[in-house]
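Step one of this worksheet: look at the structure below.
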Amino acid sequence: MSGKKRKLMKVYPIEENCISCRYCEVACTMVHSKSKDPVKAYKLENLLPRATVEVKGAVSLSLMCRHCKHPFCFDSCISGAIQVDEKGQVHLDEEKCVGCWNCVLVCPFGAAHPYIREEKRHSFKCDLCGDRGFPACVEACPNKALVYDYER
Amino acid sequence: MLFKKPQVAFYPFMVLRDDYKCIRCKSCVDQCSFDATYYDEDLDMVLNRHENCVNCKRCEAFCPTDAIKVIKNPSTFHPDANWTAEALRDIHTQMLTGAVILTSTGNDKPIRNYFDHLLLDACQVTNPPIDPLREPMELKTFIGRKSDQLEFDEDGISIKTTIGKQLELEIPVLFSAMSYGSINLNLQKAMARAAKEFGTYWNTGEGGLHKSLREFKDCTIVQVASGRFGVDLEYLETSAAIEIKIGQGAKPGIGGHLPGEKVNEGIAETRMIPVGSDAISPAPHHDIYSIEDLRQLIYALKEATNYEKPVFVKIAAVHNVAAIACGIAHAGADAVVIDGVRGGTGATPKSLRDHVGIPIELAIAAVDDRLRKEGLRNEVSLIAAGGFRNAVDVLKAIALGADAVYIGTVAKIAAGCTQCQQCHTGRCAWGITTNDPKLAKRLNPDIVAENLYNLLRAWAHDIKELLGAMGINAIESIKGNRLRLRSWGLTEQENKILGVLPAGM
Amino acid sequence: MEVKKISDGIFEITCGTTHYREVNRKVKELVAKGAEKIILKSVYGQRYIGTGIKGKVKIEVYGTAGNDLGIFLYGPEIEVFGNAQDGVGNTMRDGKIIVRGHAGDVCGYGMRGGKVYIEGDVGYRVGIHMKGYKNLVPTFIVGGKAGNFFGEYMAGGILILLGLNKKPGEDIVGDYCATGMHGGVIFVRGEVPQRYLGKEVKVFEPTSEDMKLLTNELKGFSEAFNIPVEEILSEPFTKIVPVSARPYGRMYAHRWGIASGLIK
Amino acid sequence: MKYVIVGNSAAAVGCITGIRKVDKESPITVISYETSCYSKPMIADVLVDIPQEKLIYRDEKFFEENNVELILGQKAVKVNTDSKAVVLDSNELVPYDKLLISTGGKPFIPPIPGIEKRGVFTFTELASAFAFKNYLKEKGAEEVVVIGSGFIGLEVAYFLRELGIKVKVVELLNRVLGRAMDERGSEIVESLMREKGVEFIFGNTVEEVLGDKEVSSVRLKSGETIKADAVVVAIGVRPNTELAETAGMKINQGIVTSDRMETSVENIYAAGDCIECLDITDGKRKPIPLFPLAFEQGFVAGLNMAGKRMKYLGGIPLNSLKFLPVPVLNAGTVSPPDNSYEVIVNDQFDKRGYYRKAVIKDNRLVGFVAIGEIDRVGILTNLIRQKIDVSDFKERLVSLDFGLVDLPKWWREEKLKEDRTAYKDWRAV
Amino acid sequence: MGCYSEMSGCGLAGIVNRDAKPISGKFIYDSITSMKERGNGMGAGYAAYGIYPEMADYYAFHVMLDDIDCESEVNTVLGRSFRIVKSEIIPTKPVPSLYKKTKPPVFYRYFVEPREDARLPMESEEDLVVRVVMTINDKVKGAYVISSGKNMGAFKGVGHPDEIGDFFEIKEYKGYIWLAHTRFPTNTPGWWGGAHPFTLLDWAIVHNGEITSYGTNKRYVEMFGYRCTLLTDTEVAAYLFDLLFRKHRLPIRAVFMAMAAPFWKDIEHYKKTGLDKLYKMAKMIRTVYAPAMLNGPFAMLFAFKDGVIGFNDRIKLRPFVAAEKGNTVYMASEESAIRVICEEPDRVWMPKAGEPVIALLNHCKEEDICYPA
């Protein structure tokens, strides 16, 4: 983590617009799948979404990694799988992760999730769609409830 | 169907679900505002209560894997042209409740749509069509009282005549009155923005003007209805024009009830009534029991606003609409709005929606004719409303004699409405006719404002294309120009009322 | 029409049969110039007196005030020395109207603020659809008797009927009193025959809390007409309040309501 | 400015990160008797042949990039406060301007006769883990006794079962994880361990380690003797304050530090398992030997060493059992010591495989347990940390879909919209 | 149109001197003119009683002629049944503003005496007059009988009340009963005959409002031989009144009970309070004269030689004020219209819904003016 000025873009949820349709969740799962097919992603590849749609009555919002300026997960990661790059983006290396769940335990947004299925045990979280260039959730959101924007 | 009335089993719609494609994302469960979809944890399946389904298609639209289709229940009553499923279900409803059947949206009966029987003209050889893409095309329309002639000063250039304040429209289409309460603030916001952006007007309806919309003053028509909700001097001043609502096409002759449970803080404040109290609009204005009373109110409004605002009077198109419209013109209104039998609503007894009033096409023709006969046509603008579906309908209405057209249902559809006729339940899954905060936010004013703007833009282009084909480059040249209309499949009497010739003549 | 300046800020207009538009324009003009009190003399039914004026100004009317006196009123105080016709305080928002005589039909329609005091009787449909929101509460007090449909559709506010001029055997209020009422409160001095009341309302004896409110509201009336509050309160009052804020909840049904179990 | 860090684990890396946030130039020297920067909580994984590279917490690249000089394999034995230098066991002097002591903890070894015998192991260093593994192999061990059923004890026992070795865990209390976990949690963990084949001997302790030079069996307090090819002592760690003592700083149970991680000696800071840390759930200072806390403390120390004033506002005891098939997490106070606490439980373990419990005091969440379903429990941790009033949504705390939507709107807005995710925004209470 | 009544809103005024002392037309003129706002300048009219004292024994036919040429035809029709004592053009004064709207027709008045031999078997004198009126209206193109009573006349046309008043020089007439009307037709063919009052024999009627039961009432009176040619509410009301009062000879209170019938709830209440006769009467009237009930908003003034009766619809949807001073009774839509001509009345009151105000000449009955319900 060097001290270069962060010029990070991240996804901002807009509670007022979120209609809890979960398109973000499905889109996320889909683009992170091998098949790039939502049904297969869920049913064959057993993937889980990195964004979480929270609903409570009228209030709903989609939450994903906030790429904190000083991330708790980074502090607590015992394997060094979580790193912060020069832009400020927080990366979680799923290969390196040993599944100690410390990040799950400390993330104030609940944005680091445990993956415990079959033999695989690791944490995963929003990677801002890495190579895709643009977060799938934002693109999928039908009500402009997610905005990809520079950090404020 | 345990613990339910047996008739509930005869539901009209059902939800088909491809369980293989269902990924249990539960989007449909969350989207269904009619409690027709639920997730069972033990079965790990999404299931349906078909009897609650209203065919709003929200789940269908929002299933990310396209696993859902809502269909008409294939199980039918005994096929009978007389005792239709609707007739049977209505009896069930009334025998179980002893109540008037409430419904919403516009008339769904196959009342002849005369627009579909009218054809427009085009230029060939003897005169040239105009290419609207390159050449000027004017749609600017003025709504307001004009005078019959102009008087000049002696200098030959200064005009002595003064005319009433006019509304300037860039397209002869305005957004119809839909009150805050019947629809939510988001749609009002969207309409206001689109209207402002495009250069037309939107109408508050009878629910008052929310404070957040005051900035749209110059493109707002404020309505004064029998409930007088939200009406005070400030409200009247925050407007481009004032509309007195006497009646509405979907429910001529009755008022409206906004049920108390829909009256939230915002609505209460805007309407100036307590939270949770019914907002009842009486059938009549209790200060208008006769035409001279209408004049009294028109002039009250003019007095209150120093004669600075045009005053419209909106009535439902009823049998004697032409005479009434003339009376309204006499009473001093600057514009008469007539709302046809296909006009929409947020709630109305079914019997009224389907059986009261007359089609707007006939009403326009009759009113325009009568106003001309009385020499009043210049005195008053004529705005038609109720059942306009596209730019062609608008143009045909103008050719029949309207100055401009109000669109309400179209705006709703542009905002997502699928015409499921459940506005009155306040559960609109598309977030249009509901003020449930969870549902209302489904309508994002930013998106819908853009959609509405696009729609107006498309319609404007459409009208220009049609005008161009007729060799007309200004909308006023088609106004009342029934010669450019022909009809097909209508009776002689109908042609006479519409003032059009049958095709071929 | 004749305009006279009485003193600084006080003007007198003799109206006669001048058209209301001219009279009202003059009034507005004078108010804009800073008039504090305007006396209208020889009024013969000029309409809309006091409308379109914001702020505090006093208008005195001598004669018969025309229809829609104080419609959309937004602050001024109007005092009528004589009778008023129909539509007093129509859709009024703020201010005060005092009528030293009787008033016609449909007074206080849709009123949402301010005070109206009528010394004598009122006609039919008075106080229809009065409403109130939070501290914006209208008060309409009738010193005499009222016709049918008193307080019909009332949604808020306070409507008080005193019947001070009532003769024995006379009804204080007409039939269909408070039909469709779903908000606000009506106080009637004396009794209202049950058969005159709409089925949407219930009658109560005023509580001490009510009496406090009543006494408070009556103060202005008592001052205006110089009738001691005690005298007004010397007879018991009837309080009329709606049974529900949703009087027509069970009037309408729809298929979905039944299917969903919402309508039982 | 010359920074020196003694120790090379979480606190040290935190400190380097902290310093480099402010001071990108000055040299940093790390002194450690260990040979690599590995992850301490993972040493038990050595038993199940975890790939070597997974053990590494920060590789050489990290130190290179951050311009850190590593002095490995040498032990710092003394701090010379006058000359501001650290004395290594090679007598070499490492001068410092700012010094961080992050010497970590050392295993607590009870005074049991025979405990010094070969075949008795502790589990705080990689080297001892390897040694244990080799010993097992060498001996072809079949039965092992583990003393203590804390996290390390259970983890070792579990992994030993993976290797097919019979394990008996001797615990003084009557349940596992006695100090960290509530009773129901212990019960669940115990049942999971028993499923794996681990045997437990509760309410008992080892009185003597028997055998010649090497362990052969242990004698319990109950008088019973059980066979043991090896013994693992896992009854906790104590702050390692040996080096600190040489600097003459104030020490209680661990090194005493200020909020800025300064010790009582000027220019010397301390962080990690060797210090006394403020437990924000009960406001007491005590050693909390936890990895995330060590990192944070190191980070704050680093910032302060480099001149940026920052407070460390305390940590929460939190644990995660990573080896069990079902994840087990807990934080803060999980067993209410008196009845001034409110407990909300959602026990669906038998039916749906999860268990959640929240402990509330004065309308503030002070601890929770989550077993089975652990997704998003970080939100709860944060509630403890920020001491947010939970009275409005108490019952929701233990439900699986508890989320930010349950929290006050202003809070969400502040954190999400205004992007208040910097260190001070979170730690400030 | 065709089967619909023409709707209009209006203002009305009436004055009766119960001593039958003549009152100048100026008063009614001022009264109705003060309510100009209630009309739209498309119709106004007056009816006056006692204006032809010298010709009091003859039927006075006011006939409106679109063209002076029709006169001979009218003369012929009249001559067949009557002896024409006198005929003249009704004097008028040009009012320029009137000509902007329409071209005023010519008004003729005939004072006539029925020929005995002209009467059909079983036909009363009144029936004869009605028949002739119908004939002229129906058969003579361009001629319409405006009024046909004795010692009375109607004056009406397209214009504001002041314009029509000036046109007919109303101020010059003196009568003991005056009715006036200013009209707000919702649409008007600009036809002078469409203005009010409507008269038949010596009935004159002015009306404000719209009768929503028009279709029912129209078909009902048509059963009795009336022909509704004018398609106005007022016409049908006049025929109803003629039918019930003149032909069926109902007592006045019964006539009004039929036309503005009490609600069933009130009828039940009569029974409860022991008013058995009233109960039975009300019930029978509502049963038998159901088609005669007028529904919708209205206020009406009926005048005949003996007085004026004003009444309102069942729920008082139109304004109606009455006042008296000495032996003069005033009725109007607005109080100000009374105050304009009578500054300080002895009494001003707002009659209740459906409750007729009966102002008869003193010599008629020793009954109070206001009929108590």
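Labels for the chains are A, B, C, D and E, by order of writing; each one numbers its residues from 1.
The criterion applied here is as follows: contacts are C-beta pairs under 8 Å (C-beta built on N, C-alpha and C of every residue); 3 or more make two chains touch, one makes a residue touch a chain.
Source: prediction; values computed, not measured.
Q: Go through the assembly and pull out the chains touching chain B as well as chain C.
A: Joint contacts, listed by label: E.
Q: Taking each chain's centre as the mean of its C-alpha atoms, which one lies nearest the mean of all protein C-alpha atoms here?
A: Per-chain C-alpha centroids ranked by distance to the global centroid put B first.
Q: Could you state the distance in Å from the CA-based centre of chain B to that of chain D?
A: Computed value for the inter-centroid distance: 68 Å.
Q: Measuring centre to centre with CA averages, how many angstrom lie between chain A and chain C?
A: The separation of the two C-alpha centroids amounts to 63 Å.
Q: Suppose each chain is reduced to the average of its Cα coordinates; what separation in Å results between chain D and chain E?
A: Each chain's C-alpha centroid was found; their separation is 106 Å.
Q: Rounded to the nearest whole Å, what is the centre-to-centre distance of chain C and chain D, using the mean of the C-alpha atoms as each centre?
A: So the centroids are 77 Å from each other.
Q: Two or more other chains touching the same residue: where does that happen in chain A?
A: Residues 55, 59-60 of chain A touch two or more partner chains.
Q: Which positions in chain E are in touch with at least two other chains?
A: In chain E, 37 touch at least two other chains.
Q: On chain B, where are the residues touching two or more other chains?
A: As it turns out, chain B has residues touching two or more other chains at 296.
Q: Among the chains present, which pairs are found to touch?
A: Contact pairs between chains: A-B, A-D, B-C, B-E, C-E.
Q: Which residues of chain E touch chain C in their complex?
A: 33-35, 37, 265-266, 269, 315-316, 319, 321, 334-337, 339-340, 348, 350, 352-353
Q: Which residues, counting only chain A, touch chain D once they are in their complex?
A: Listed in rising order, the residues of chain A that touch chain D are 1-3, 12-13, 15, 52, 54-56, 59-61, 63, 66-72, 75-76, 78-80, 96, 98-114, 116, 151-152.
Q: Quick one: which bits of chain C touch chain E in the complex? Just the residue numbers, please.
A: 17, 20, 43-45, 47, 63-64, 66-67, 83, 85-86, 102, 104-105, 121, 123-124, 147-149, 174-175, 195
Q: Which residues, counting only chain E, touch chain B once they are in their complex?
A: Against chain B, chain E makes touches at 1, 4, 6-11, 37-40, 42, 184-188, 190, 208-210, 297, 317-318.
Q: Which of the residues in chain B end up touching chain A in this complex?
A: 20-21, 23-27, 30-31, 62, 64-65, 431, 436-438, 441-442, 444, 446-447
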